[in-house]
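One structure, as structure tokens, below. Some questions next.
Naming follows writing order (A, B, C, D and E), and every chain is counted from residue 1.
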Amino acid sequence: MTDPARPIILLDRVTKSFGAFQALKGVSLEIARGQKVVVCGPSGSGKSTMIRCINRLEEHNGGRIVVDGIELTASIKDIDAVRREVGMVFQQFNLFPHLTAVENLMLAPRLVRKMPRREARELAMHYLERVHIPEQADKYPSQLSGGQQQRVAIARSLCMKPQIMLFDEPTSALDPEMIKEVLDVMGELAAEGMTMIVVTHEMGFARSVADLVIFMDKGEIVEQGPPATFFANPRNERTKTFLGQILTH
Amino acid sequence: MAVVVEWLDAFAWGALVVLRVFVVALILTVIWGLIGASAKLSDSALARGVANAYTTVFRGTPELLVLLIIYFGSAVTLTGIAKMVDPSVKFIGIPPFWAGSLAISLIVGAYATETFRGAFLGVDRGQVEAARALGLSPGQTFFYVRLPQMWRLALPAFGNHMNSLIKDTALLSVIGVEEIMYAADRATAMTNKPFTMYLVVAIIYLAFVSVIIKTVAVLEVYANRHLERTR
Amino acid sequence: MNFEIALVWESLPKIVEGMGLTIELLLISLTLGTALSVVLVLMRISGIPALVWPAFLYIYVFRGTPMLVQLFIVYHGLAQFEFVRNSVLWVFLREPFWCAIIAFSLNVAAYTAEILRGGIQGVDRGLHEAGRALGLKPYQRFLHVTAPIAIRLSLPAYGNEIISLLKGTALVSLITMYDITGVARTIVARTFAPYEIFVSAAIVYLCLTWLIQRGVGLAERRFGRYVRR
Amino acid sequence: AAQETLMVGSECTYFPFNYRDSDGVLKGYDIDVANEIGKRLKAKTEYVCMKFDGLLPALLAGKFDLIAASLSITEDRRQKIDFSVPYRLSIGQFVAPKAKKLALFNADGSINKPAFKGVRIGIQRATTYDNWFQAIVPDANIVRYEGVEAIYLDLKSGRVDAIMTNPMKTYLEFLSKPDGAGFEVVGPQITDEKYFGTGAGIGLRKGNDALLKRIDAAILDMKKDGTLDKFSKLYFPFAIYPVN
Amino acid sequence: MTDPARPIILLDRVTKSFGAFQALKGVSLEIARGQKVVVCGPSGSGKSTMIRCINRLEEHNGGRIVVDGIELTASIKDIDAVRREVGMVFQQFNLFPHLTAVENLMLAPRLVRKMPRREARELAMHYLERVHIPEQADKYPSQLSGGQQQRVAIARSLCMKPQIMLFDEPTSALDPEMIKEVLDVMGELAAEGMTMIVVTHEMGFARSVADLVIFMDKGEIVEQGPPATFFANPRNERTKTFLGQILTH
């Protein structure tokens, strides 16, 4: 249905301001179908803002954003259609507090995909197993540990099997063991052809899975490239010191 | 409408009385409401029981009866005590203004208790934990953390209560406080123009309520300032 | 002051007779009014001026004027127009019962709309975003995310509204109907025993209030299962 | 010596019996009578105004000593308080649209019971008229109202076909006004003492027999020497006190 | 005032259940004044629960907890005195949404330490500078990025200069650069003699700063020891595989 050569996500000189403060200062980016992009950069550099603009949780002020051939504009009608195909895992999880873990996972498949209850439940349990918390299925979010909440949040967006996934620091609350598990799951999805943008500082993941690594600073993309070149010889000074921290650390 | 002019005095005095009762009762209402809500949310079964009794009784009893009991009940008691000292005493009571303000504040305070309780439930539990972990006392946690976050949720429904307060002032004519409803009755009795006079009352109430609604709207904007991104 | 407890017991059965009407009025107008309030609050928060303003105006007028005035306008006001009296509507408007239902429902809707708005404001913005990111349609977000949480936060204030309405129905005694208060006032005027008779009325009202408070409490527990205590 | 003071409670909103004009001056038939009683008892009179619901509790609590508020004397009320002899009549009369030509009474003034069939009659609730209907025309179609204003309005809108009220008030408030054109009194004044009571009197706390006696004497005197007649003529073209 | 030999925190066979689920199964631990303890372990193992019990945000069901000589019991009156000396950084931050960043920091010093407004503001700005966000001082938490929020949360508890600090994954939302900065600040505090319990998976920090490393699993402490021995030769199987993940990763 779509031209495989056309980028599935296109950002063209995107700007975003909060009042006087400019969080994105002209970000341009092309992502092809099936590409895996890792975004890194210091805190406050605009990583979350950028991916929030891609599914229009934030409205950009300037430039163009095109997702799967649909341009995101103020007058857009089909934003729900776009969002159905764009999954997101939030930095703050944003689980529905009034639903149990498994209900959190079942909601969207049932309402959006019109899946029958039983099927949705099976699907949900499948993903809970993949993140190793099937036994927490009937707890409410307030009864889960930080890492468990994060895993529910990841599983929730995977359930929708979107074409594009946006992950905002999906492993921040996890221990190293679990990080590995989750990254493995993400690696499998990547292998299945899902397009992914992942904000993370897990450089191991970036090395093994990413097609493209982006470094952001102060609202701009200051360096990008395939992981091999990105890690081997960063050109930008800022990138160099940042990577220095990661690698010595 | 010309007949109204003759009665403007009475209406103006009545409106002033309504305003005074409103201010006094509003302050008391907030106090009862906060105490009641805190009691209902407390760990003490006794406090919860007392607060439950309070909201049942003051919401359930006809307003008129509450007013009569508070005014005349206290008067009979006070007179009885005074008579023991000086048998020639005939009548001692709380002045009708204060008894009336107290009565309607207790009634509306019972409703406010529930509204405030609902709003407190909207404040995240982690907030209280954070405050306690910082060493804030329960009282400080209440005034500096829970209250400032809860009132934005309570405001819309509390606006309803302020309207009730204004309208409940009409009850006070039963114990001889001459508010605007009473002024309208007086005027009606003489002029036999009930609709005209009640229209005046409605306009005065509407003016009060407009001020209340506007105030609440301004307060809401202020209370939500930290969420300006919302909607 | 002599308080005749016997009078309380004597008048109680008669007052209980008025309870049927009170409950009928309460349930019908609460149902209609709440349904209307949902429409109103949706208009109010829609962000579309053509919907916000009518809703705002409606809520303003109905909260701004006493329920008594609203009742009189429906009951006496409309009856003054010849064409109303000659229309089919008169079949309803002729009956005080339906006039009361109309006035109370309209009034309850305005107050409840404000209460619901408060609850909706308590729903965390992040949850809307999560719903949006999952591709839920606006009505689905409202139904499955906003509403369950907002209902929990609004329930205490909504309980207030039910009890207010319970007491408010007493106004029907002014348009020739006999509810609890109507019966009580009749007996008071005859016997000149306000304390005893109002105490009997209070007993009936207190029982109903207690029931409502319990019911709301149960509903709160149902809607608040997820809250950690 | 200190002059005795009589505290008097009244509604002050019941024209023309007790009311205050726009300048706040207290007037009316009840007030005139109470003032005159005070004069004859060589006591000062002071007034307290409050709504009907507050009058009895206030009297019992001692906020005032007398109620002068056109209070009808009934057996039920006697359980709670004492009454003076009546200083005002209680009577009732029907009012209906002229066009309806209701024949509720026969030519000789007796009641035509069949004519009440299908006629909706508005009355004020819990009044003496209510008692009268229950005893004399128990199957009449009665609609009970809280206040008189609503009765006139519903008579005009056609929700009721006729009303029974106090002709004194009806005359002043309705029939003599433009609103009342097209309506007329139907049948004679009804004064059945058995149901309408003996009239309106001054209310007192129980146990004040000495004061009650002095007030009774004063009222009887006022009736005899024409004072009541004088007061009644101030407001009505006819006598409103019990003549015999 | 206190016996330096006596442990400042003592946990003696502490148990904690949520309904039927037992989150802590008899945890015993002694921490001396000035000690730095790093707690690690898989997600859901009871790390947060344990430190929440120490300042009684959670009531334990069995065993004893003694903090600075005061036993935490149901009838305890002086819990505020204990909490004044025990700072905590939450996994979920729990910033006060109605206060700006700097006001979040000023609140406790003003109310608890009765510090004048100006002084409290200076103190607050000092700590905001230490975590590199003085320019965000007047923003509300909802306007801050994830990492900025976490730094405000850390600075907020440091302002109180408590004797004991409980950190629950204090660097989860931070980028490597910032992690280093924050860990440096924490290292300085450690050097100043503050007692610390840090839930973290930053093993570099554990190595360089900790006196004691604790590994928890399924509600129990399965291994503990000074970092040298802990990392060099873990005895427990579970610890071995866990450390394996961290080190290969």
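Points to keep in mind about this one:
Definition applied: contacts are C-beta pairs under 8 Å (C-beta built on N, C-alpha and C of every residue); 3 or more make two chains touch, one makes a residue touch a chain.
Everything quoted here is computed from the prediction, not taken from an experiment.
The minimum number of touch steps linking subunit A to subunit B comes to 2.
Note on connectivity: the fewest steps through touching chains from subunit B to subunit C is 1.
Averaging Cα atoms per chain gives one point for each, and the point farthest from that of subunit C is the centre of E. Note: the chain lying farthest from subunit B is A, by mean C-alpha position. Averaging Cα coordinates per chain places subunit A and subunit D 83 Å apart. In terms of their C-alpha centroids, the spacing between subunit A and subunit E amounts to 29 Å. Look at where the CA atoms of subunit B average out and do the same for subunit D: the two points lie 37 Å apart. Remark: subunit A and subunit C have CA centroids separated by 47 Å (rounded to whole angstrom). Each of the following residues of subunit A touches two or more other chains: 92, 142-143. Each of residues 64, 68, 72, 76, 125, 227, 229 in subunit B touches at least two other chains. For subunit D, residues touching at least two other chains, in rising order: 53, 57, 60-61.
Per the contact rule defined earlier, chains pair up in contact as A-C, A-E, B-C, B-D, B-E, C-D. Residues 124, 126-127, 129-137, 140, 144-145, 148-149, 225-227, 229 of subunit B are the ones touching subunit E in the complex. Interface residues of subunit C facing subunit B in the complex, by the touch rule stated above, are 1, 45, 47, 60, 63-66, 69, 72, 111, 114-115, 117-119, 121-122, 125, 152-157, 159-161, 163-164, 167, 170, 181, 184, 194-195, 198-199, 201-202, 205-206, 208-210, 213, 224, 227-228. Across the interface of their complex, subunit B is touched by residues 7, 12-15, 19-22, 24, 48-51, 53-54, 57-58, 60-63, 149, 172-173, 177 of subunit D. Listing the residues of subunit D that touch subunit C in their complex gives 53, 56-57, 60-61, 74, 76-77, 79-81, 122, 125-127, 143-147, 150, 153-154, 156-159.
Touching subunit A in their complex are the following residues of subunit C: 124, 126-127, 129-130, 132-137, 140, 144-145, 148-149, 152, 223, 225-228.
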